[in-house]
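There's a structure below that I have some questions on.
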Amino acid sequence: MSGNTFGKLFTVTTFGESHGPALGAIVDGCPPGLPLTEEDLQRDLDRRRPGTSRHTTQRREPDRVKILSGVFEGVTTGTSIGLLIENTDQRSKDYGNIKDQFRPAHADYSYHHKYGLRDYRGGGRSSARETAMRVAAGAIAKKYLASRGIAIRGYMSQLGPIAIDFQSWEAVDDNPFFCPDPARVPELEAYMDQLRRDQDSVGARITVVAEGVPPGLGEPVFDRLDAELAHGLMSINAVKGVEIGDGFASVSQRGSEHRDEMTPEGFLSNHAGGVLGGISSGQAIVAHLALKPTSSITTPGRSIDVHGNPVEVVTKGRHDPCVGIRATPIAEAMMALTLMDHLLRHRAQNAEVRVATPVLR
Amino acid sequence: MSGNTFGKLFTVTTFGESHGPALGAIVDGCPPGLPLTEEDLQRDLDRRRPGTSRHTTQRREPDRVKILSGVFEGVTTGTSIGLLIENTDQRSKDYGNIKDQFRPAHADYSYHHKYGLRDYRGGGRSSARETAMRVAAGAIAKKYLASRGIAIRGYMSQLGPIAIDFQSWEAVDDNPFFCPDPARVPELEAYMDQLRRDQDSVGARITVVAEGVPPGLGEPVFDRLDAELAHGLMSINAVKGVEIGDGFASVSQRGSEHRDEMTPEGFLSNHAGGVLGGISSGQAIVAHLALKPTSSITTPGRSIDVHGNPVEVVTKGRHDPCVGIRATPIAEAMMALTLMDHLLRHRAQNAEVRVATPVLR
Amino acid sequence: MSGNTFGKLFTVTTFGESHGPALGAIVDGCPPGLPLTEEDLQRDLDRRRPGTSRHTTQRREPDRVKILSGVFEGVTTGTSIGLLIENTDQRSKDYGNIKDQFRPAHADYSYHHKYGLRDYRGGGRSSARETAMRVAAGAIAKKYLASRGIAIRGYMSQLGPIAIDFQSWEAVDDNPFFCPDPARVPELEAYMDQLRRDQDSVGARITVVAEGVPPGLGEPVFDRLDAELAHGLMSINAVKGVEIGDGFASVSQRGSEHRDEMTPEGFLSNHAGGVLGGISSGQAIVAHLALKPTSSITTPGRSIDVHGNPVEVVTKGRHDPCVGIRATPIAEAMMALTLMDHLLRHRAQNAEVRVATPVLR
Amino acid sequence: MSGNTFGKLFTVTTFGESHGPALGAIVDGCPPGLPLTEEDLQRDLDRRRPGTSRHTTQRREPDRVKILSGVFEGVTTGTSIGLLIENTDQRSKDYGNIKDQFRPAHADYSYHHKYGLRDYRGGGRSSARETAMRVAAGAIAKKYLASRGIAIRGYMSQLGPIAIDFQSWEAVDDNPFFCPDPARVPELEAYMDQLRRDQDSVGARITVVAEGVPPGLGEPVFDRLDAELAHGLMSINAVKGVEIGDGFASVSQRGSEHRDEMTPEGFLSNHAGGVLGGISSGQAIVAHLALKPTSSITTPGRSIDVHGNPVEVVTKGRHDPCVGIRATPIAEAMMALTLMDHLLRHRAQNAEVRVATPVLR
């Protein structure tokens, strides 16, 4: 209830501060009998890990995850799964200034007013480091969903002003940007190099797609599948917008254009992004998210301190110039967790439903 | 858990089908001692009601709400508040075709696969008529929030291709579009008249603003205030996108531009839309939502029936050519419910927090 | 979250004050396709209804329940089910004294301190009248469970000092006490007649049994099936104790006596009451509950008023001299709701589990 | 939702198997600013620890708890608190027989049917070892409650056939039984020595008392304070019954005897156990629980194996002959967690309530 749990049947509860001794999570509700190893989780953690190219922070975070419970003889037992990542790169340093200042666009000011105090070391709980546990937990969901024919993948669809068209899934994992068009990678690299020289940061747009989702997932009214996806994706650090299907482009569309017509062979388009009336239609589920530019930049900014005095804040340390670059695995994880939860919720109520109508793609 | 409840401490649970005998809701968790009358709820219901101009459906829905419990001697008692609206305009008609056909872009196909059957009369539970109860419940939240200095208001910021700049709150209630610029109203009317002649529909963009929100609302990690707002707003029928603050425009912004600097007098900008690290900053909370064009248009569309055969669907009946026109009070309601819930959640944990730093606007 | 909802997947949310215009409930999460009529609910409501013998309150409460949504063409649709009972016997009377006094053993004093005010008419929300909605909602769960071979029945096992051995289910519905031994009914009648002459009240013990429950229901650790049953049963007005199986008799049992041994033909005893490690074993689930004597008696009692002054409270009006007499259908309802919820929860996670070992009874 | 979380606002989520690498918990919702050290948790863990007398299992479990997050500079920050206890006494041994057999009165059979497989090492998740994390989390709640004047203490009120009257709190911690009467300790020791010679086990009754609880905690209807206490206490391993106040003795009491009359100086009795209408009255909250005899005894018992064949089960290893002996700190922890949760829930809704009437004890 205090916000550190996601999901209702397949739940993920997390803890951990950026510079504390460890991050951890408890995954509850996983069906028994799923083959699961630490390596299954490590794969996605490595995709999110910083320091793999010159375009992300150079912090060294090996992020080795341990499974502490819920798996026995190689398969899940149905009991809660404890996960732990020990923090190894906690440089002991002087936090003097950060302690009393509110960095612009950071959570410092709002945490201070919420709690009356805050763990100022590296952003504490508000650090994007928290997302490592989302990725670890999401990998469990992904593995279960994959066993049911559901694949979840994401890519960068825009970096700052550079919009990128989707070309192929193969391309996505071949570059540090999750860019789906290999021809555009040099342009992205040049842009990032200039950005570093400008000592500035920029936003990004990520697209996540789930294929193989059966029709029927999602609940009517408040817990629509798209509403829960929006919840999960907007809860990622730095996300400022979420679209399902055509999203904001729908505003200027006409009904005759937007509606996805059906034939016995399938849907003729997918403006809806795979969700009708809040419930999956069997088409690919498509979501887009907007990430703001990194707040930590070395250009000084105006702010105040905890006493209300004006100060000039200069952020030091190692930061991603575009948080969006590493966001793709996180977005995939949140979509996987959302779909997993709804798969179980749907099954609880509707396990006995048998429908004759063919499923359209 | 089956999706008909919103909120965790201030909860709204609803029922009711478009053509059933009644709609209802239970509002739980309201603080005691709040003066409340049916008229307080009716005001917003009347703002949402169809048939008040030629640009919305001509269905007659008086939508008189009754308070059945939880209010005694004019004030809330702290116990659950039962609300009821009887459906009065249920024309008995022939549903023959609709019964076996899946209308494109409607929930027919997805409900059918979820439940194996559906109440096909007027869309049943998937009808936008369901939102009446959101508005009624939201009015309770609004009234409590107003007593704490929090005002929630919305307006139409785009109709189809026509973007509308904000001019004044006074203008908003003076026209059937919730248009904040009186000079643009004739243009909107002309557009809608042409749209009707084209037998088509169009989307819209709505903006909702909460002023007077104290800093500290929202929970870190998964239940960020912006994530919960996205959940609530995306759960409204026809919504395909949600933005907080600059939203998707943040993608191409630089960090030096996006970050809202602070001085002792206040924030210098509000790109963040009033939320930092998932927690309210004390600035105005600003959200935008995209609504798709109405799916029910009289232009025939291709589809299939429940046996998988191809059919041509022609929608008859009285429908809004732009569902966005009546969406403003609904969006306000969902923002009010979200803020109310987080006000109580924040108070539960942090009632004893006292902070010296001044609150910036 | 404010306590008016029971269950996690099959949820019941209720509203209504004793002397308000109506009682209502929303049942969410019911599987689609269950045949359901108002008569299905009315049957159990009639079993709970007062005034059917001289041993219960003579208030006339026809308690006709209406289904307002979620049922279409005679079967549930999977959407939320709205239920309503209008209060018809609200005598307009003088509440003068009750308004300012705290009746001993009633919720007056505790509600006053919780909320700062209270609906004093007939106990408001704290009245046992609230349990009508539990019975109505429980009847839906009972009907679904019955379709899966699960039968839930209860009986009075003790009235004041008179312990009653179980003889037959047939006997239970043949007398106003839910007494399972027809030979003991005259003794109970004589006891109650004397109690009325004494202007006093007495407690009772109720036993509820669920047969046909498959093994596997219940969650380990905190949401054990017995823990959730205890929650549900203890939430009934006037209940002060709950036992599963041998309950408090287990305290003085030895392990060699208590443990239920198994053979290929089945369990050799059922001291556990059908729950092992918090999970159903396939045996009959057996629970006992203790109800305190009715607090409303005509014998004057010492108390204070809202100003802290001493007063003598004399309860008038029509009250049950033993609330336990009508408690059996309520206890059945709470057990049905608990099992229904856990059936769905179990199915969500473990739908794919297939076990070779035979189920023992 | 899968049962490993307790509480709604102050939540505890746990993981860990008896013979796995570690036990852990995440405590969410703790108010910020509470001074907290590992030693605060260790104190109660040591009270629960086995092997401190010859009357409990001789397993060596140092149970050193680590706080991994949520505490900074000696006080809680309001973010989630990660707790970890590494398992150190995992003897590698031959589980051959246990693997395929269902031990009578254990969770083996029910887990097997629920999940289709189970971690058979030492009972896996169903082991009472799981309660260590309840005690650790409960210590946080206890510390916060203590800062508000609320004290929670328990004692053994019956061991097998030996009922024990309360004499003093001082006595409780001076013997390995949590016996509140020093004069009875030799009798308990003699009984236990004989029990060991008999190779048998026995049940116990524990009483828990909370003093200083303000009136107003608990929610009407389903989440009554006593219902939630029953939930929490019944969720402890081996508990088969829960009573509030006079509990089952209320069955044969008359209303004139049971009702607790009030004078301006206070209540004249406490038959209710501190709860009226599900809400705390300001009196001491009193609960009793019944624990069954330990199931693991060295006397052989009849059972079946996973193939349905009859087997004779002989339990080896180190087991408590009376699980009730170490249950007192666990019961205290569950009462502390329940009260803490309701303190926050009450505050969320009713923080602004001010009542003139004096609080009676």
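First chain written, first letter: the chains are A, B, C and D, and each begins at residue 1.
Heads up, the rule we're going with is that a contact is a pair of C-beta atoms (placed from the backbone, for glycine too) under 8 Å apart; a residue touches a chain by one contact, two chains touch by 3 or more.
Since we're looking at a predicted model, the values are computed, not measured.
K.L.:
Return the chain whose centre of C-alpha atoms lies at maximal distance from the corresponding centre of chain D.
P.N.:
Most remote chain from chain D, centroid-wise, comes out as B.
K.L.:
Please tell me whether C-D or A-C has the greater number of C-beta pairs in contact.
P.N.:
Counting C-beta pairs in contact for C-D and A-C gives the edge to C-D.
K.L.:
From the C-alpha centre of chain C to that of chain D, how far is it in Å?
P.N.:
About 26 Å separates the centre of chain C from that of chain D.
K.L.:
What whole-Å value do you get for the distance between chain A and chain C if each is reduced to the mean of its CA atoms?
P.N.:
45
K.L.:
Which positions in chain B are in touch with at least two other chains?
P.N.:
In chain B, residues 1-5, 8-9, 14, 29, 32-33, 78-80, 114-116, 125, 220-221, 345, 349-350, 353 touch at least two other chains, as defined above.
K.L.:
Which bits of chain C are touching chain B when the two form their complex?
P.N.:
Those residues of chain C that touch chain B are 1-5, 7-9, 11, 13-17, 20-24, 26, 28-29, 32-33, 66, 68-70, 72, 75, 77-82, 84, 114-119, 121, 124-125.
K.L.:
Applying the document's contact rule, which stretches of chain A touch chain C when the two form their complex?
P.N.:
1, 8-9, 29-33, 78-80, 220-221, 344-345, 347-353
K.L.:
Which bits of chain C are touching chain D when the two form their complex?
P.N.:
My answer: residues 1-6, 8-9, 14, 102, 104-107, 109-116, 125-126, 130, 158, 160-161, 198, 200-205, 214-224, 226-235, 237, 239-248, 250-264, 268, 271-273, 275-282, 290-297, 299, 301-304, 306-310, 324, 345-346, 349-350, 353-360.
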